[in-house]
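The letters A, B and C name the chains in turn, as written, and every chain counts its residues from 1.
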Amino acid sequence: MTVLSGISSRWAQLTHANVVVEFIDVTLRGCAQVMFQNNPLTGLIFFIAIFIAAYGEGNPAAAYGCVLGTVVATLAGLSLPDRKAWLAGLYGYNGCLVGVALPTFLVMTPMVWGCIVIGSLVAVIATVCIADILKTWKIAALTAPFVLTTWVILLASYAFSDLHSSGLPSPALPHSEVGEVALAWMGTALYASIFHGISQVYLFSSVIAGILFVIGLAVSSLWAAVFAVAGSLLALLTASLLSANGLSIEAGLYSFSAVLTAIALGSTFNQPSWRVLAYTLIGVVFTVFVQGAMNTLLAPIGIPTLTMPFVLASWLFLVPNQDVMPPHRQA
Amino acid sequence: MTVLSGISSRWAQLTHANVVVEFIDVTLRGCAQVMFQNNPLTGLIFFIAIFIAAYGEGNPAAAYGCVLGTVVATLAGLSLPDRKAWLAGLYGYNGCLVGVALPTFLVMTPMVWGCIVIGSLVAVIATVCIADILKTWKIAALTAPFVLTTWVILLASYAFSDLHSSGLPSPALPHSEVGEVALAWMGTALYASIFHGISQVYLFSSVIAGILFVIGLAVSSLWAAVFAVAGSLLALLTASLLSANGLSIEAGLYSFSAVLTAIALGSTFNQPSWRVLAYTLIGVVFTVFVQGAMNTLLAPIGIPTLTMPFVLASWLFLVPNQDVMPPHRQA
Amino acid sequence: MTVLSGISSRWAQLTHANVVVEFIDVTLRGCAQVMFQNNPLTGLIFFIAIFIAAYGEGNPAAAYGCVLGTVVATLAGLSLPDRKAWLAGLYGYNGCLVGVALPTFLVMTPMVWGCIVIGSLVAVIATVCIADILKTWKIAALTAPFVLTTWVILLASYAFSDLHSSGLPSPALPHSEVGEVALAWMGTALYASIFHGISQVYLFSSVIAGILFVIGLAVSSLWAAVFAVAGSLLALLTASLLSANGLSIEAGLYSFSAVLTAIALGSTFNQPSWRVLAYTLIGVVFTVFVQGAMNTLLAPIGIPTLTMPFVLASWLFLVPNQDVMPPHRQA
């Protein structure tokens, strides 16, 4: 750890001395802020995880798109007056996710690279807009700017014949999931599924990336890492108990929003305590319900939920914070 | 009435002396608050109506679920700092409705009883959340916490094979209602339909329950009872004039939201006057349009509107209250 | 221009002397406010354009409905305390659009004329409601009251067999637009399409009406006229580049929301500058994406987007105004 803190203070000096290093620092923090961490080393580890996962799934464009989106959004943030938010990477994380999401769901063409640029610009405007609206109730924008911007582009892809789906769900009326032995998979796959759930925050289904994300979190906040793993496990158990689709559970699709809810409620916006733990537990379980609900809600229009279940569940649990939590527990 | 007020003051003494009696008192008020009444006797009469209707329709779980939901929500409300809101039953009414709604639309299993508990807990958090947001514009949460929480669970039931629909509408693209002689039913059935509309506030289609709800209202506020009956009648006439589906009109499905709008605009948040009467009249008629619109809107995702048409129409008409009503008319 | 200003000052005298002339003045301003102009002459030219277009498309009811809606809404506005807003026509423009939209999408019957009256009344209440909510963030209601009120009536038309669709899109699951040579039309039709895009703000596809709307704008604000034409052109190019449906582009259906975004961001709520120009450009391009997205979003429920893409995109870009624009640039 002494080595780490040595490197860390050397890096801090460099960022003050050199605007290029500063820009790299803020871009890395942008990537880390997807999981609420204001730490360039976390961002570096996250980017490594993203490249490994993207190449592993044969879709390197997702990694390069991620870099492009974070850089464009961070550049755009330079023109805004709130320097403190910029330095913390708070203008970068939504562009970061736009850059991963578009190559995941659309066939990459020059037009889609252009969409990443426009989407990342709009995501910055949306970040300011939503933050302005939500400060009335003292809550954060979370990943809502990413979700709304990406939804617009993905929905528009049906109307624009130059944007082609590569992974969008086909529009269909919802039908009831047929009961199957969802618990069967749990023996061997539990361990893998926990990390799938974590790496799905960045839309990948990769054990090694999931482990790297946990390490990246731990570098910045041990509690965040603990809540990420526990949140993923709890979501898996809840979805299994309710007999959700086994393949979806296994791929982490019922966990990624719950992972973010767990980190947000458990460690970012509250300080860990028994009361916070109980509150977070209800929040994580309810996030799984919201995930199932939004899968149904969006079925007819053929777009994925992205991290909206996390956003909605967390807003629901964060607005009452001032009434529910003792004053010194509020972030 | 002297007998009633004697019992009433004796009861008030008991609630101060005994925490169990107090808890029962607050639970009863929770049930009464669904129709905006802060009165334990009203709540008692409402619970009786609910048991009669639930057994009459062969679905007693709806009545026991209602008690469970109100009790869980009232218990959860104990942990919140706003004691005055708790005493008025304002944390109980959304759980009360969650407890009726889930057994109405889902096959009862131990899992669904668990969903009533989680749903009632989340409804309390949603009550605080929505009230916090809406106090910016000085309007109340109404039944929005119930509707949103229940929608999440009902939508999720499509994704979770351990939750089975027993009464959810099948997801379908909307199609135009075929013109039929909707007015034909009105001769004999008008009287029954008025009370169906009132009992549908609690999701039942029962004349005797409807009459008991009106009596329960009258015990607390004569104006509320008058507006409930008049609202139900006006909604029936509006829906008939527009030729909505005859069976739906007859079952009270175009009236229950209008009943709540009539009580809310006419007697709860305004004091009766000619100006208020005209405003309420437009509000009730528009609620019928919102009911028809939401039936179409939700058709593809296979969930019922619940009382959302009332919530939306009432918010629309209550926000401008300070501009539209003279100061002394505002509640 | 001296003649014009002579007429103008004579007219101003008349409006002060005669309540009927004043009412006509405010009604004309109501029509002009659809495109943000507080000018009775603009309103007169707009009404002329509307009559020409409505008769030209064989649907005169759209023109008479437009007059009826504006008059009813202006009358209803008389009962509200904000006299300044009333005089500027700010209670009239949503009723004006309700009156055009209902005859465009529904078969005209006495019932639908009644719906125009109710819809215009509710649009005034919605205007006060939404303005009250949005003043928290210092943004305007734009045409949201019109869109929401009209959506409710159009959605309800599926449930009420006395309301018949004459032009509603059939509810259908979204499917990907098949690639066609969208750019082929652009040679000869470009000029016509620019004006179609402007006249589609009032739901018409008429070159002559489009030209009259531009003249009406120019009478009040040259910048508004310039931004309307430039916005329509930019939207056409964006939609063509993305290969949207050629017939829709040609009819101006990808442009009308962008026209309003261009006027709003470029000239109404900001003063023209290079920074504003860049911001408006991104806003107009993104409005085209929102238009495509909402076409997909609304496909299953069979209603048109109306001007909601403009409303959403403009709110998104107007909320951050105080952070993004230098103070003296804010309207």
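We adopt the following convention: a residue touches a chain if its C-beta (ideal position, glycine included) is under 8 Å from a C-beta of that chain, and two chains touch if they have at least 3 such contacts.
Owing to the predicted nature of the structure, the values given are computational and were not obtained by experimental measurement.
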Cα-superposition angle relating the copies chain B and chain A, to nearest 5°: 120
Shared interface numbering between chain C and chain B [over half = same, under half = different]: different
Centre-of-Cα separation between chain C and chain B, whole angstrom: 37
Touching two or more other chains - residues of chain B: 136, 173, 300
Sites on chain A touched by chain C in the complex: 79-82, 111, 118, 121-122, 125-126, 128-129, 132-133, 136, 151-165, 171-173, 300-302
Partner chain B, residues of chain A touching it in the complex: 136-137, 173-180, 182, 239, 241-245, 282, 285-286, 289-297, 299-300, 315-317, 319-320, 322-324
